[in-house]
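Each in structure tokens, the structures are laid out below.
There are two complexes below, and they share subunit A, which is joined by subunit B in the first and by subunit C in the second.
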Partner chain A sequence: MKYNPVTEEILAELREIVGDKNVMTDEEKIEAYSHDEIPAEQYAHMPEVVLTPNTAEEIAAVMKLANRELIPVTPSGARSGLSGGAIPEHGGIVISVENMDEVVEIDYDNLMMVLEPGVITNNVNEMLEESGLFFAGYPMSVETCYLGGNIAENAGGGKAVKYGVTGRYVMGLEVVTPTGEIVQLGGKRVKDVTGYDLKQLIVGSEGTLGIVTKAIIKLLPKPTQRVGLLALFKDEATAISTVPKIMTEGRIIPTSIEFMDKLSVKTSCEYLNEHLPYQEAGAMLLIEVDGNKEDIVNADSETIGELCLDNDAIEVYVADNHTTRERIWSVRRNIAEAFKVVSPHQSLEDIVVPTANIPKLMPYLDDISEKYEIKVPCYGHAGDGNLHATLVKNPDHSMEEWFEIEEEALADLYQATKELGGTLSGEHGIGSKRKKYMEMMMSPAELNLMRGIKKAFDPNNIMNPGKIFDLE
Partner chain B sequence: MNIVIPIKQVPETSNVKMDEETGTMKRDGVESIINPLDLYAIETGIQLKEEYGGKITVITMGPPSADKALKEAIAMGCDDGILLSGREFAGSDTWATSYALAEAIKEIEDVDLILAGERATDGDTGQVGPGIASWLDLTLSTYTSKVVDVNLIDEEVDYTTVKQDSIIVERMVEDGYEKLELPLPALLTVVKEISFPRLPTLRGKQRSRKVEIPQWNLENLDMNKEFLGLQGSPTRVVNIDHPKVTRGGTILDVREDGNVEEAVSQLIDYLKAKELV
Partner chain C sequence: MKYNPVTEEILAELREIVGDKNVMTDEEKIEAYSHDEIPAEQYAHMPEVVLTPNTAEEIAAVMKLANRELIPVTPSGARSGLSGGAIPEHGGIVISVENMDEVVEIDYDNLMMVLEPGVITNNVNEMLEESGLFFAGYPMSVETCYLGGNIAENAGGGKAVKYGVTGRYVMGLEVVTPTGEIVQLGGKRVKDVTGYDLKQLIVGSEGTLGIVTKAIIKLLPKPTQRVGLLALFKDEATAISTVPKIMTEGRIIPTSIEFMDKLSVKTSCEYLNEHLPYQEAGAMLLIEVDGNKEDIVNADSETIGELCLDNDAIEVYVADNHTTRERIWSVRRNIAEAFKVVSPHQSLEDIVVPTANIPKLMPYLDDISEKYEIKVPCYGHAGDGNLHATLVKNPDHSMEEWFEIEEEALADLYQATKELGGTLSGEHGIGSKRKKYMEMMMSPAELNLMRGIKKAFDPNNIMNPGKIFDLE
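Moving on, here comes the complex of A and B:
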């Protein structure tokens, strides 16, 4: 597909639609929209113009213009993504929803909230604090990411074991389609089988099927009690083998079960100057339970703690107040940041396997580490099988060597994942980063169905082109 | 070596909301935690116990719910807890608080060392630790950053010598540190540099649930009632005031159809007038 450049005439028209001050062409300013949180520069691409519209109608008008002129449009949120989803692969127009950050309504009677896509996810819960309600989405980038991005990527995060992922809480969406129509999908209805569930098709579509301009999300009563456990194990196998037992023998569904291997723990603790006895530990589990009765939550945490000790945990720490909980969670949350200090060149992966197969994956990671002489730390959401195995460049390798190694090692990693019944991405998405591995994971028939859907939504292929799969 | 650690339960302050009218903190629904700076005293105490044996008693003054802070300290590795709780203590300032704590500590046998945090994160005075030392007439080292050594004299030695149990510490002062040797019993207030607090363990939590925490007050302690609570407190809070921000800034905003050239020349004029360029 050949796209047309954004000319002065088109810029004038765009200024007419969204207003002068919502059109950015200054290179210094639009550079920020050329990348997301992937550190590698080869995925970045500059837009020609960045728009910060205020309404769905403005976005619809831009889409109509883009269709007429065949200019690619890429939606953009907080750009905390990790798959290149918000990067304007083919230049053109970036539509940032940063100005659309209004809370339209908090509907206490229906336990729902209507929000614009530019609201920061963490702020949703801050606004709800006094209401006793909360939004259960909890991506690790909760303090920076936007709700719109969470919906586009179907963000998961640290509480998915108990609460599931973003999609579970999306009740309705207002979407501007690639052809410039404004559609209302779903609504404040708990049950709805009236036709295809298009809103769930938008969830996780990575900005390729439309731009969310309003979302109705479901809220839950907020648990008042939380207890975190940090369990140190001698090796990865003993840690991981404890995970299913928490649910089967302990009969408890925790809020979170996070796994960290030795290298992840060590790197993060050194980065944080945390003095936990991590040297002794070959792996750690961070488990959290929540509820409303202190006694019950304490009893649950004790059951899980005992189970860990029965499974040869070296030590189990208990964090039942804000200070200690923050302390154990910061070890987990800072792993990615800590590795950026070690090496800025890395490939943060997002594979997901059936939970019971996590231990079987570990030897494959060791093999990859040995074969390519790179570090492969692994951490993530053990409770749902979603692991952030990361390939970290060996400082002794040249960049050319690294690019070759990265590609081959990723192919090895995905092959192993596939053999274990897993797939490419659990929550980060395919974007541009993992596109070339889609054919390895999916049948041609399946890919063709997806292509058909894309064509039905976006006949001119102008909405976030170059993502997830190629049309041809 | 027997150690006493006075601690304070304070509101968790990461997300404090203020009452605009009264200027005080909204305490409703705010979680209470051990004063974070007291954790360093607790850790130091546990390390000393691990090396020299003995036991650690944590003590706090507060409402009955403050036993949660004592239990947390026991879960970290302390042995016993004492809760000073009663209406007579309500409204105590640092003078009355240190008096009451000192009187309670007198009841604990064979105390070798008292360890306190540098200050509490809510009151921020740093007075209660030194106050206790003063009431008990103990040697004191504030801002202690390191325990260098402990000299415990074998009980079999000849008591005609002047030798006495002592602790050697370093304390931070503005331009470095001082090294002191204090005869025991002594009181140290400690700073963050001294240790890195451990986390409570599951076994510790289980033990702490079983520990009975006695509640002490005027009914079972012989104290001068005149020295307690609001009436015993010389400090009076007369008024709470917000400091006024005296530096008002000027923003030359050019985002809304402003003229950049004009704003820049305004800025230059301003800097020239202030003789900054």
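Moving on, here comes the complex of A and C:
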């Protein structure tokens, strides 16, 4: 499919729709919209124009125009993604929702909140601070990412073991379709089987089926008690083999079970200029328990602590105050950013396997590391079976060698993941980065169903084209 | 679209595929497959043939044949549905999954279970009795319904306030598509954003997009403590206005908040020959709290009890033993069946509104009752905003009058529901029964997206045609 360029006439129409000041064509300004948080340059692509509309109606008008003129449109949030989902692979128009950051309503009677997509996720909970309520979404990029992006990617994060991922909390969506219709999906209803669940189909569709312009999210009563445990192990295998046991032997579903290997902790600590007294351990589990009763939360965290020690933890530290917890979480949250700075040539992966198979995955990482002579630091949401194994270029390799190694090592990694009942991505999405591996994971029949859905929503393939799969 | 009949040649082919003994054409035998639990006869429709295959491969072969010959196929489970979802509206082939009732695996390491669709939902938890685990699905038809039907309808039930509906526990599905492909969607992964979420699209699609032949469901550690409260109120309004307060003021998300008006309790008690000492109250709330610590569960139930009394409950009974709890739940579970027996001419509805709007809904029911001179008993999952208001024919009205009244009263009821931010169905589905009201609730754009998805899965519209919406 050949797309048409954004001509001066089109630009004039766009200015008419969204207003002069919401149309950017200046190269220096729009460069920021050409990439997300993937450091590798090959995924970047410049848009022709960036729009910052203020309303769903404006976006609908832009979509109608783009659909008529066959111009690709890429929705864009905080661009903190890690799969290229917000990159305008075919140029054309980027629609950034940065101006649409209004909190439309906090509905205390239904325990819900209505938000525009440009609200920073962290701000949601800051706004709720006094209310005793909270939004359970907690991606590691919580301080910068937008709610709209969380919905587009069905973001997971650090609390998904207990609370599940973003989709569980999305009750309603206002969406502008690729053909420029504004549809209201779901609503403030906690149950709804009236027709197909289009709302959940939009969640995680990476901006390929529409642009979210409003979201109704569910809030929960905020737990009053939190205890964090930092369990130190001599090596990765010992740490990781403890993870499934917390749930199966301990019969406790904690809020978080995060895994960090030594290199991840070290890199993040150096980046933050942080000194954890125990950062030299072989691997760590950061486990958190929350609830409303101090004695229950304490009892659960004690059970987990003992279970860790029974499984050869060297030591278990208790972080029962906000400052200590926040220090440790900050180390965890900043690993990706730290690696990006010290090792710009890397591939941050997001594989997910059945939780019980995490221990079986670890030897494969060692194999890959040895076979290709690269470091493969690993960290992530072990309680969900979701690990951010990161292939890092060996400084001794040329860029050419690295590109070859990256491709082969990724294929090995995904093959191992598949054999263990896992798949490509637990939370970062496919975007442009993992598209070529989709056929390895899915049957042609399944991919064709997805293509059929895409065509039903976007007959001219103008909405974020080139992501997840190619149409032909 | 004109479908082709099931000829002798087709029957011979079907016998070849599924085996002689799994092909039924005898009218007396197949009559049972012509209706579900809707008492109204106008929704019933005879199939031409009923198949009881044993494997996904057999079903796939049948689907390929039906797709080639343009014969409609309707998937069928326990036929305990309440929207006509399993009724072969256009005749043709019924595929009953009754023979596919194997428990493929209990995976204690991943806290998951792999089941065929013909497993009776109640049996799942009976099998798990010793394990300390449970499946959180609890539709009111739990003793008869199949897991496959629960998935097709995204069944809700009595524990959804705390645990959510069926879809939350569906981790993976094996599905035979309308064109006869076998696809594996999802898996034993607790997170997965690899492509569109086809699995959740199948959940609640009422058998119009495929036939589930295997499901991976998530299990939870079973709470060891349960307390049931039966709160008696002088009237419906008082009872129902208490419901949202339990969550907003009490900040407790109980397992269940079930509402029953006086007529519902009376009818079910008479049907069961049960005598609750307090069955003459104006309305009741059945509230349940579960957890692992006795003192917490007791404290929560006390808080809720006090909140009920503060909201003018006449009395609050505590049911802290299994027998008493089961007696009360049995009354609740049997209301629909009891009404079906005493009032076969009725319309059991399944409206859902934002929980905070339930009190506002009640006066509309009174208005409808008065306007049409019919009784409108009401009960249901009040904690979800999901009420089974039931329009019951006035014995003084002729059948002709009743049909007219039913149609008008339903339109009034749905209009009121819509105005309160609600919709047609919280858990029973649309099927054939509520299809004509879809346009009242949804925009043409939204309906067209659903039609597009249907066409992508089922280009010849042979899979359960005539349900949810018409294609043209």
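Going forward, the second predicted complex is superposed on the first by the 459 of 472 C-alpha atoms of A that agree within 3 Å, B and C clash if a C-alpha of one lies under 4 Å from a C-alpha of the other, contacts with A are read in each partner's own complex, and residues count from 1 in each chain.
As a working rule, contacts are C-beta pairs under 8 Å (C-beta built on N, C-alpha and C of every residue); 3 or more make two chains touch, one makes a residue touch a chain.
Keep in mind the model is a prediction, meaning the values are calculated, not measured.
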Touched partner set for A:T248, first subunit B, second subunit C, both or neither: second
Greater residue coverage of subunit A in the superposed arrangement, subunit B or subunit C: C
First (subunit B), second (subunit C), both or neither touched by A:I468: second
First, second, both or neither for A:V183, with subunit B first and subunit C second: second
First (subunit B), second (subunit C), both or neither touched by A:T423: second
Touching partner for A:P72 - first (subunit B), second (subunit C), both, neither: neither
Residues of subunit A that lie at the interface with subunit B and also at the interface with subunit C: none
In the complex, subunit A residues that touch subunit B: 20-21, 229-230, 275-276, 302, 305-306, 309, 315-324, 326-328
Subunit B - residues contacting subunit A, complex: 12, 14, 31, 33-34, 36, 72, 75, 196, 199-206, 255-257
Subunit C residues within the subunit A interface of the complex: 107-112, 132, 153-154, 156, 160-161, 164-165, 167-168, 177, 181-185, 187-198, 200-201, 203-205, 209, 220-221, 244, 247-248, 251-253, 292-293, 296, 352-356, 381, 384-386, 421-430, 434, 438, 441-443, 445-447, 449-453, 455-457, 468-469
